[in-house]
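What follows is one structure encoded as structure tokens, with my remarks underneath.
Letters A, B, C, D, E, F and G name the chains as they come in the text, with residue numbers starting at 1 for each one.
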């Protein structure tokens, strides 16, 4: 069956590790725990990455949706 | 028959390869899987392009609509 | 009869060639195919222009309304 | 009678020449044809001005409201 | 009686001279004629000020609310 | 009793002196007179501060909510 | 039981110390007192941090939601 709406793609990524890229150039990697229609997003076991390296380990993070450019499975 | 509304043009591009250009200057190419009224967009087999060259292969990506400038068939 | 609302002016330009200027300084020229209340706009036979010269031929493009400054018949 | 709401002032300027100043520093002068609650605005016989000089003659232009800083009768 | 809502303070300033400061650093002084819930604002006998000096006399101006930082009685 | 919603905290600060910090780096100090759900805010006996010094005395000011970063009791 | 929505994660952090990172690069640490659907957020015993050091002690702060990038338990 085809994923007809963009949030279906995020639903398929639930509980999987994703990369979240922000408008300020930062990148977070973690397990996608939840999201809403504003794309507010919660990651578990989250790490901040820069140039492919982990710069901070953060545990659970809430990211405000309007700061997000893209989300992709790791 | 004429496409009377902008989202009709996106509907015609579904499952075809499109170029998505973002406000931050980045360009993604991939198969248009889905979009919504906010222009949140999901591409499959997505690649990040810079200066006509692939800089990253990303698989499925969810792009937040408010970061998008334009979408055009490849 | 007078055009009383701004979208009437866009309606009058349907299927005619228009110039679309974006917040990032880019300019697109093409046949105005459709638009909506967000000013999401679709151009056919679109070209990207810089300094009066065509820099890219793009065919059909969907432009997200919030990136647009102005639209004017060519 | 007093103009009690801001759009009344725009209504009074209908079919008169106005200056429209944009967030990007550009200035357009033309006959105010129409506007809506988003301040989307259509000018007829429009000209782009810089430093008091006409830099482009544009005819009819549709300006997206969110790019506008101010509108004032010429 | 206490002014309980922000727009009450603007109401109290109606027909008085106010300073309006914009996000782009510009300052307008004029008689507050009208405003709405978006803080779209009309000034009469408006002047643009820079460094305490009048740089332009503008008559009536309509200022789009989302460009405004603050309004204060002169 | 616990303050369950953010606006409760602003309510507790009514008629007390607060610091308001704006996105453009400016800081205003004054008595919190009123606010609304957009965080449009009115201060009485307001002063503009820079580096801990008063740079302007302003009386009553209306600050548009979307320019505010934070509000804190002085 | 699984946290299905992003605000559940903030609810779990209530009355615990959190780090709030803003779009302007600033970081606040404090006890999460309240938040709403706009992510307007109140911290108690708040401190501004820069480079891991406390630069200001602020007590209670109200942070406007649209300035926030992320919230994470300390």
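We adopt the following convention: contacts are C-beta pairs under 8 Å (C-beta built on N, C-alpha and C of every residue); 3 or more make two chains touch, one makes a residue touch a chain.
Remember, predicted model here, so these are calculated numbers, not experimental data.
Participant: Rounded to the nearest whole Å, what is the centre-to-centre distance of chain E and chain G, using the mean of the C-alpha atoms as each centre?
Facilitator: It comes to 34 Å between the two C-alpha centres.
Participant: Could you please state the distance in Å, as a whole number, between where the Cα atoms of chain D are centred and where those of chain E are centred?
Facilitator: 19
Participant: Report, in whole Å, the distance between the mean C-alpha point of chain C and the mean C-alpha point of chain G.
Facilitator: Chain C and chain G have C-alpha centres separated by 42 Å.
Participant: Where in chain C do residues touch two or more of the other chains?
Facilitator: Residues 66 of chain C touch two or more partner chains.
Participant: Graph shape for the chains shown, where an edge means the two chains touch. Line, ring, star, complete, or other?
Facilitator: Topology of touching chains reads as a ring, each chain with two neighbours.
Participant: Beginning with chain A and continuing through chain B, what order do the ring chains follow?
Facilitator: Once chain A is placed first and chain B next, the ring gives A, B, C, D, E, F, G.
Participant: Quick one: in the complex, what on chain G touches chain A?
Facilitator: Residue positions touching the partner: 2-10, 23, 39, 65-66, 68-73.
Participant: Inside the complex, what are the residues of chain E that reach chain D?
Facilitator: Going through chain E, the ones touching chain D are 22, 24, 26, 28, 33-36, 40-42, 46, 58-64, 66-67.
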